[in-house]
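When the chains are written out, they are named A, B, C, D, E and F in that same order, and each has its own residue count from 1.
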């Protein structure tokens, strides 16, 4: 049986124009690798939205990074101050991976 | 005014009205986002290209230099007028006032294109170089808007990183407009002829479909707008008229003629929906995106497309008459 | 029949056949979904617009009123014929029979458009107002289908919430068809001329590409269909013929001529692939979507495009001959 | 270190035409905020499917809502009866967030 | 209250042209049902990528399957040898579902 | 050379240059992926269709058979030349060398189309049947490349499952090219006329926009390329010239004329960016996709579009001169 290793799954929902800043913040605490997913729409305290490629201002993407607990803590500390101002949603959960060295 | 009626009954405007109606009726009619984006890029490539070809034909004149200077100044100065009105009368905080002001200093490609259609139908097509003016007016307002917003906050200029300037100056829409303009300039009328069926013949039809989508977007923005006050709605109707009047006046002062003068007034009055919202989201993430999109796209844009363009054209003609 | 052969060898039909073949051969050829949706919207805008322009030219007549009434009645009544056949011979339960019946009462925009192409090539173009009939026929069948399904279940009318009615009546395809029709009506031939290069000239080419995609979709539907029985396949071939015959008969009774009569027969025979499936998914979520899509898109649609259209046109001509 | 709070991640895969009903059901039990993601294809007991914008009938989306245990229980109770008839897939898991008041 | 059952959430990020092989590998160990999601871009040891429909070579999708522990173990064993050669990212986590018989 | 200058200043090439520049300047200009894919499919449908129509007009000749045979042989043999160069001089392992070799044996639709545009502008349009040669050349190189890669590994032929062969032979681009070719062949010039506004008139304009996107893609590939060595860059410039020369020589040997000979040289020199990358990802997942895409799309493609096409045309003319 293949052994799995415990890691942390970080997900951040953010407006597309803010993604570059978020990726830079992650890289600054050592999280270089990530995957992005397009969100299609949603509703939050700042209202309802749908994908919008023409203005490009309100399209949202989900940032996903798998990392260990230390990197996760550093990342959470780094983005915590901008969660409200930037309208982000940060989700953290447990995940198992196979090649622990890679993540 | 027969011409005005025939304008309002042209498919371009009627498709826009259809979009507005369908949006307010909460129909599920929707054009896929990637198609809308594709049409938006097509319109920019087409007007850039045609503008360049026209300049290649007409040659460079002192008028071009003056018009470019006027556009640059308008884009940089109009936010300085909008900002105190938005703060005082509109009761916005500094960051939101700066973000909104940037939109009104910058320009709307589709308002310009619709204006050109209407002016051309009235036999007063603006000069091709106005496309270069349009491209030049996109960004100065962004810089001024961010600077205005930064003055109001303790933290100093927010987000004025190198990344941001890069993003603003090499914004896709500006690069495409300017790039296509140079393609047109270099290839000239004989180079344009083989591509005219795409960039000229079907242009008006694509504009119809794009305005259908803009009508849907504008009305849905309004339906979901939360932060709009009566004061802000008033400003979204008054600011374009002020800006249009200033544009018309400057056009008269520097001696632009007919449709070209009207085009400068329309550019001044128009408010951005492409380059600026994305830049503001990046530079001023604390600003309320719903607010500036509702004002610019939901109110000013429909006003300009329907009543504004004839009004600014009339202003331009009147001011020119006063001076001659 | 030389005309028939030249029809079968026209690019429109050949591209459809190419799609069917590629799909059955399990090629990975695929047109992006957003492009397909964009073409579907384009076709609706174009036929709506052209229909409106034609009515603006031809003026309103009593014939229009009769044709609209006939279309409305056909859409509402055809499901009442299909339903017992689907329950009895087809052995479907009430909910699935209601869902399928709604598809056969409603209409297919692309079947209609392809029919118009073929009729026009044979110099019997239908009248422009048939686009209004098409738009009118989209929804009554939905209402009747839901009602039929509801009768069979104890729970009363399923999903007949206000939301649903709103959704059905303001369905995007109906709004676009009707809206573009009015745009054409208001702007008339002179307004249409500048947008004709998009909405008229390249129309047939776009139809080719869209039918290529429909061929791919139809054959893939069939390959993945699980719930199809021989009885249901039979009905998917017999129902359009019955409906087409009824449509042709009514066209003859109310005195529609040539291509216009054929168009009514084609509309009656066609089965929906846009408005109805989405509405059924919403109103009758328990119904098997794979089933109604396989029948309507996988079997009836290809049959209509290839053999059906000539058959219904012949029926319309024959019935008209019998009555005169 | 930033403190995180435990919440529940609700995900529901549903046909796009059914999303409106699902959102209404969520709102009825107090879950107002959500995010939607487009699914690209899949396979289930009712067969294989791919995204399909032309008919619009078989395109699926994933509904995501973060909420506390009570809202989760209420939501599960509310959608449980339609899971089979509507062909839904309901997934629930643990997740940590930073601003507990918001979720 | 509706009872939930514990299952495993398997996710695999893979290049689109490799998805067919992955789906076949899953089916071979008894995991027939799945859902696919389009990824929009990312960064890994083999570089940065964005969705790319023209060449079709570097577009990635996320494969999602819900199954029990035994199927999960069989699947992990089956894909473990190709994780590196095929550039896959395999994530496993806990999830609760309602209709245990189905998953 | 006036013709060469006017070629370089044609919108088609200038839009490509604009894309390259915008990409290197890291502008955020981007064409939605689904639109780019749609344009790619459109280009293939259009050239397939037009090629078929031309063959329907010109009839079958022995020349066609010879050209098809030449294309088949080139596609199968060119990888055998590229492979040892990539292993020896390029220092690649067997799997990567096989994957890259397959790209250079196969063909690029857009390089061909751009070549046809340029040749047509110089009044030496190639024969329509060259589209069939193009389609035939897509796949043999894939088979040979996989075989070359497999020889180097112990594990035997990797991924040579039945699925793979199916995928390679019924690849969407091949099916569309061949299918549209037969549509054109069957429907002929009279069938083509009604769809010419889409497939002929706006073709050059669409090519401009597609090349804008290819410029963006090519330059971004280069910016993100990690595995490129000087030796590999050299090969990406030398291989197309070797292949082009071989193609030109064979064209002369079998007696192809003017633009048709040039077209065979261009096909031989071009390297694939559609059918092959996806097939390699599937058949040789261990190969580095960044590597073959950077070489084929990032270096060879821009070289061919700008300098290569005139060079290969000149070679074809020179070799033909030597033999006559």
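In this section, a residue touches a chain if its C-beta (ideal position, glycine included) is under 8 Å from a C-beta of that chain, and two chains touch if they have at least 3 such contacts.
Keep in mind that this is a model prediction, so the values were computed, not measured.
The minimum number of touch steps separating chain A from chain F is 2.
For chain C, the chain whose average C-alpha position is most distant is A.
Where the sister copies chain A and chain E meet, the same residue numbers recur on both sides for under half of the interface positions. Chain centres here are C-alpha means, and the one lying farthest from chain D is F. Centroid to centroid, with C-alpha atoms defining each point, chain C and chain D lie 34 Å apart. Chain centres here are Cα averages; for chain B and chain F they lie 41 Å apart. Taking each chain's centre as the average of its CA atoms, chain D and chain E sit 19 Å apart. In chain F, the residues touching two or more other chains are 32-35, 37, 197, 201-202. For chain D, the set of residues touching two or more other chains reads 37-38, 53, 93-94. Every pair of chains meeting the touch criterion is listed here: A-B, A-D, A-E, B-C, B-F, C-D, C-F, D-E, E-F. On the chain D side of its complex with chain A, the touching residues are 1-2, 4, 9, 23, 32-38, 61, 66, 93-99, 102. Within the complex formed with chain C, the residues of chain F that make contact are 32-35, 37-38, 41-42, 45, 49, 166-167, 170-173, 175-176, 179-180, 182-184, 186-187, 191-192, 194-199, 201-202. Put simply, chain A touches chain B in their complex at residues 15, 17-18, 20-21, 46-48, 51-58, 82, 85-87. Within the complex, the chain C residues that touch chain F are 6, 9-12, 14-15, 18, 21-22, 25-35, 197, 201-202, 204-206, 208-209, 212.
On the chain B side of its complex with chain A, the touching residues are 33-34, 36-37, 40, 163, 213, 217, 224, 226, 273-274, 277-282, 285-286, 288-290, 293, 297.
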